[in-house]
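Naming follows writing order (A, B and C), and every chain is counted from residue 1.
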Amino acid sequence: MSRDGCCGQAYSCLFDYDTPRIALIKSRKIGLLNRFIQLGILAYVIGWVFIWEKGYQEFDIVVSSVTSKVKGVVVTNTTELGVKIWDVADYIIPAQEENAVFVMTNLILTQNQTQGHCPELPETSFCSKEQPCTPGYVGKQSNGVQTGKCVPYNSTVKTCEIFAWCPVENDTHVPDPAFLNGAENFTVLIKNNIWYPKFQVSKRNILSNISSSYLKTCQYDKVNHPFCPIFRLGNIVKEAGESFSDMAVQGGVMGIQINWNCDLDRKLTYCVPKYSFRRLDNREIDHNVSPGYNFRFAKYYKDSNGVESRTLMKVYGIRFDILVFGTAGKFDIIPTMINIGSGAALFGVATVLCDMIVFHFFKKRHYYREKKYKYVEDYDELVGSECGSNP
Amino acid sequence: MSRDGCCGQAYSCLFDYDTPRIALIKSRKIGLLNRFIQLGILAYVIGWVFIWEKGYQEFDIVVSSVTSKVKGVVVTNTTELGVKIWDVADYIIPAQEENAVFVMTNLILTQNQTQGHCPELPETSFCSKEQPCTPGYVGKQSNGVQTGKCVPYNSTVKTCEIFAWCPVENDTHVPDPAFLNGAENFTVLIKNNIWYPKFQVSKRNILSNISSSYLKTCQYDKVNHPFCPIFRLGNIVKEAGESFSDMAVQGGVMGIQINWNCDLDRKLTYCVPKYSFRRLDNREIDHNVSPGYNFRFAKYYKDSNGVESRTLMKVYGIRFDILVFGTAGKFDIIPTMINIGSGAALFGVATVLCDMIVFHFFKKRHYYREKKYKYVEDYDELVGSECGSNP
Amino acid sequence: MSRDGCCGQAYSCLFDYDTPRIALIKSRKIGLLNRFIQLGILAYVIGWVFIWEKGYQEFDIVVSSVTSKVKGVVVTNTTELGVKIWDVADYIIPAQEENAVFVMTNLILTQNQTQGHCPELPETSFCSKEQPCTPGYVGKQSNGVQTGKCVPYNSTVKTCEIFAWCPVENDTHVPDPAFLNGAENFTVLIKNNIWYPKFQVSKRNILSNISSSYLKTCQYDKVNHPFCPIFRLGNIVKEAGESFSDMAVQGGVMGIQINWNCDLDRKLTYCVPKYSFRRLDNREIDHNVSPGYNFRFAKYYKDSNGVESRTLMKVYGIRFDILVFGTAGKFDIIPTMINIGSGAALFGVATVLCDMIVFHFFKKRHYYREKKYKYVEDYDELVGSECGSNP
């Protein structure tokens, strides 16, 4: 009956249908076991892969753009500076950044610095006749270059003279409580525009159902105003489990995390931002160097003779990093098929498992085995050495 | 014939070959149906998974670094400031940013501010004998701290006196047309360096076949100069479907999107940037607060007596965010095998489908069924209750 | 024996067990071949997919926050400026950035610019009676607007008069060696906080086993101090295979890459940063425009008469971009199951391959084929045309 010619093979290839022969065992025990295992696999594939992990979706990660605007004024009253007011142009440095905003909270001011010679701070460079200064030496923590002279810092202490912006900044004492502790009451408006390039979907954190008048008065609150994009600085720090007054002294970095996990198979209005807050800098004093967050910044002036002077500010403050992340998922045929294919392959495992149980643990396994298997002797052996054994 | 000893099992495990027994049905109808379904699955796996979605590739997302440089000068002529020229150092704030560049297009200038007492703007704090001012109160939109006094703002209106940088900025009237509307003709050169860490591939947006002389004269054009990295600001805004003159008044945020989707199985020269432009800030006035994009910025001066004054600038402008994204794909054995495996699993589905059709809808299903199935009675039943029934 | 009623079908669906009938061929050759192919597939699935590519893990990409702090002073001595000291507040512009830090290394200073009329530079706008100037024209490389007059630039050359910040900056000669070549010895402390949102895992680049005293003295070294977060600028550039002195002249962009690839199935202490350095800007002079990295920046002053002047600085320098990337993997049931499913499907391929070999290339293929296949004639043909042929 078998066709072996070339034409015959093509014919049989096209018009023959191969279907595996099945031993259909009429047994309640085995049948139920089989269905039970299959049900487990089906439940796993549908429940876990498809419903829980959304295995039918393709994913894309967010592309984001952020602008921010801080509001608030604060008055300070110190003996050195007198009564002074600080507004946005004074305490935001630099005036604009892309994904962050820095708010000054503390300050060490060194006014009227000019380039010249003056004694170094006592902390780093004591000197005496036995321990002279090295001309041209620059210490690791130093603010200038040593001239080699040893000059009196005050009536009791002598330090190396340096060429630097003089007088040298003395940052040993950081104001505590922080100079601009009132920054706690400032508010920041965050505008965030996101985009999922793969799905060509874009959204803004100012949702379309929010009115302009609401935006003028609202303030973010996790429970009552979860979609208001205006945040009180003190609340941000508090939600992260930190104390603003503590953080204001040495500065720090706060993360404002905006999570845009979206299921694009649902309506786009369900795709909303979720805000959370986290402190990003290292608080552990033991494994830390220059704790908090600060940097130096200068305003330059020129007098009528053209001599340049500057006001050096060692600025401590909180940098708010706006970290936007998220993945959007949308139905896609590829991952669906991959998961269905894998699920189907797992279905085959059910039969393998059942067979293992039936043919190894059942009392009557020999009976079932004979129905399933057809023993075929090796042709060579059949013909050769074991010739004559019944196949 | 069956070996059951431990040694025999290991022997049979190694030297026996299990192959499913097949019922080969010689039927044109069924054979063709089967091949047709298999062909469909093959076409799907090859066409969609492998060719369209590049299922044989592993993917990596881009790491990017951007620098930008703006060129252009503009002359303004106002009664307040006279004829004035603005160049790069004047209108780019801050002087350098990482993935963005801000170009000032409009400006509210408040010159010679000093710290002191002055009346608040009438918009926010009218006052009278009946409606007195609260000492120490800071309004939400206010620029300073109320002293408690009620002073004349002009000949008709009285407002609360505040301690602030005086005179207070009056930003009720935004110049329209924008002060630096000529910024439309500025050009920005964008240098972008990308890297795919997984594949150790890096590229620059200044392609290697572009000559230095071409770069000196070219200007980006979607059709004629798609790889020129120099963009006219007006064209960027126009391509995004916006009007530069409108946008310049209130400011805004423009996205310059650079798409680096690369197929690394092809030559690296085919991996080129694709530029597109999109407005990122919210134009819907209804659901918006502080539309456009602006920030405050001050220049500080000191007179010969050491008194500090400042020029406050409310700067409106367009921030160009350079958003770089893209995925590179390269042949990898893992996703290829996963997809081939899934495809193979789907092939099995063809037989299942055919069986369902043949054994449920064909007229002669009983004939075929008997060839495929071997009915095995439950051994217990066989021996017990239904003893004697033919198997 | 077949039940065909609706009730019977449900009964058989629940209590029947379908298992494929197997031809068990007792042949050493075929058995070993089969096991060999299966072993290969198993080795591939376990070795490559699971061990090498960690196919049992789900992946997440890093979210990062970076702060940096530069330390160092340098003294310059030029005829124009005299002896001058430069500290952090002078050479870091802007004072703080998010993922980058810019260090000035070279400088073209144009002091005492005021708005007015002066001759343009000779490079761009020679003029004569035959080649007059165009009032209102702004050249591509120009610093101002032409007034139309042709005025002497020096004793020999005449150029167009422009309205600009005067005197015009002359940047034809870039100082070489670089003005602040000593920046090579500056150090930068980088603090990096990373987060894997999917796994809720965060880490800092200042590892918890590093003491505060170590941090005060250490300096990054690939071999001896791979986890010290303090980098000498000169070493960064050297590790990238560049020369600091060369780079300092024209400026450039350096990438400090921090790789956070983590296997979260192991202890978190094994998840450590890996630093590497790469130059990001284009060095090929042929395909480049405005090589290196520079920008213009101005300090504004006001004299006692209220006239504004500025010091324009064309600042060349190295921008250090801190590029943080990495993926974390953690065991997850989904990818594990997908890969097991795919592996199982590949196992089926072993049987298909063996069958192909046995039934096409073995001498005694007909013998084995008859054992495996049961030839079922088409019922229609059986009954119709070919009626009477033995099935």
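Definition applied: contacts are C-beta pairs under 8 Å (C-beta built on N, C-alpha and C of every residue); 3 or more make two chains touch, one makes a residue touch a chain.
Molecules present, by chain and UniProt name: A, B, C = P2X purinoceptor.
The model shown is predicted, which means the values in this text are computed figures rather than measured ones.
Student: Would the interface of chain A (P2X purinoceptor) with chain C (P2X purinoceptor) count as same or different, where same needs over half of all numbers used to appear in both copies?
Tutor: different
Student: Compute the rotation angle for the C-alpha superposition of chain B (P2X purinoceptor) onto chain C (P2X purinoceptor), expressed as a multiple of 5 degrees.
Tutor: For the C-alpha superposition of chain B (P2X purinoceptor) onto chain C (P2X purinoceptor), the angle is 120 degrees.
Student: CA centre of chain A (P2X purinoceptor) versus CA centre of chain C (P2X purinoceptor): separation in Å?
Tutor: Chain A (P2X purinoceptor) and chain C (P2X purinoceptor) have C-alpha centres separated by 16 Å.
Student: Going by the touch rule set out above, which residues of chain A (P2X purinoceptor) reach two or more other chains?
Tutor: As it turns out, chain A (P2X purinoceptor) has residues touching two or more other chains at 20-28, 61, 94, 97-98, 301, 304, 338, 341-342, 344-345, 348, 371, 374-375.
Student: Within the complex, which stretch of chain C (P2X purinoceptor) touches chain B (P2X purinoceptor)?
Tutor: Interface residues on the chain C (P2X purinoceptor) side: 1-2, 20-28, 30-35, 44, 48-49, 53, 55, 61, 93-94, 97-100, 102, 115, 138, 140-145, 163-165, 253, 255, 257, 259, 278, 280-282, 284-290, 293, 295-298, 300-302, 304, 306, 310, 312, 315, 319, 321, 323, 325, 338-339, 341-346, 348-349, 351, 354-355, 358, 371-381.
Student: Sort out for me which residues of chain A (P2X purinoceptor) touch chain B (P2X purinoceptor) in the complex.
Tutor: Answer in residue numbers: 12, 14-28, 61, 63, 65, 67, 69, 71-73, 75, 83-85, 87-90, 92, 94-98, 112, 189, 191, 193, 195, 197, 202, 204, 206-212, 215-216, 230, 299, 301, 303-304, 333-334, 337-338, 340-342, 344-345, 348, 364, 366-369, 371, 374-375.
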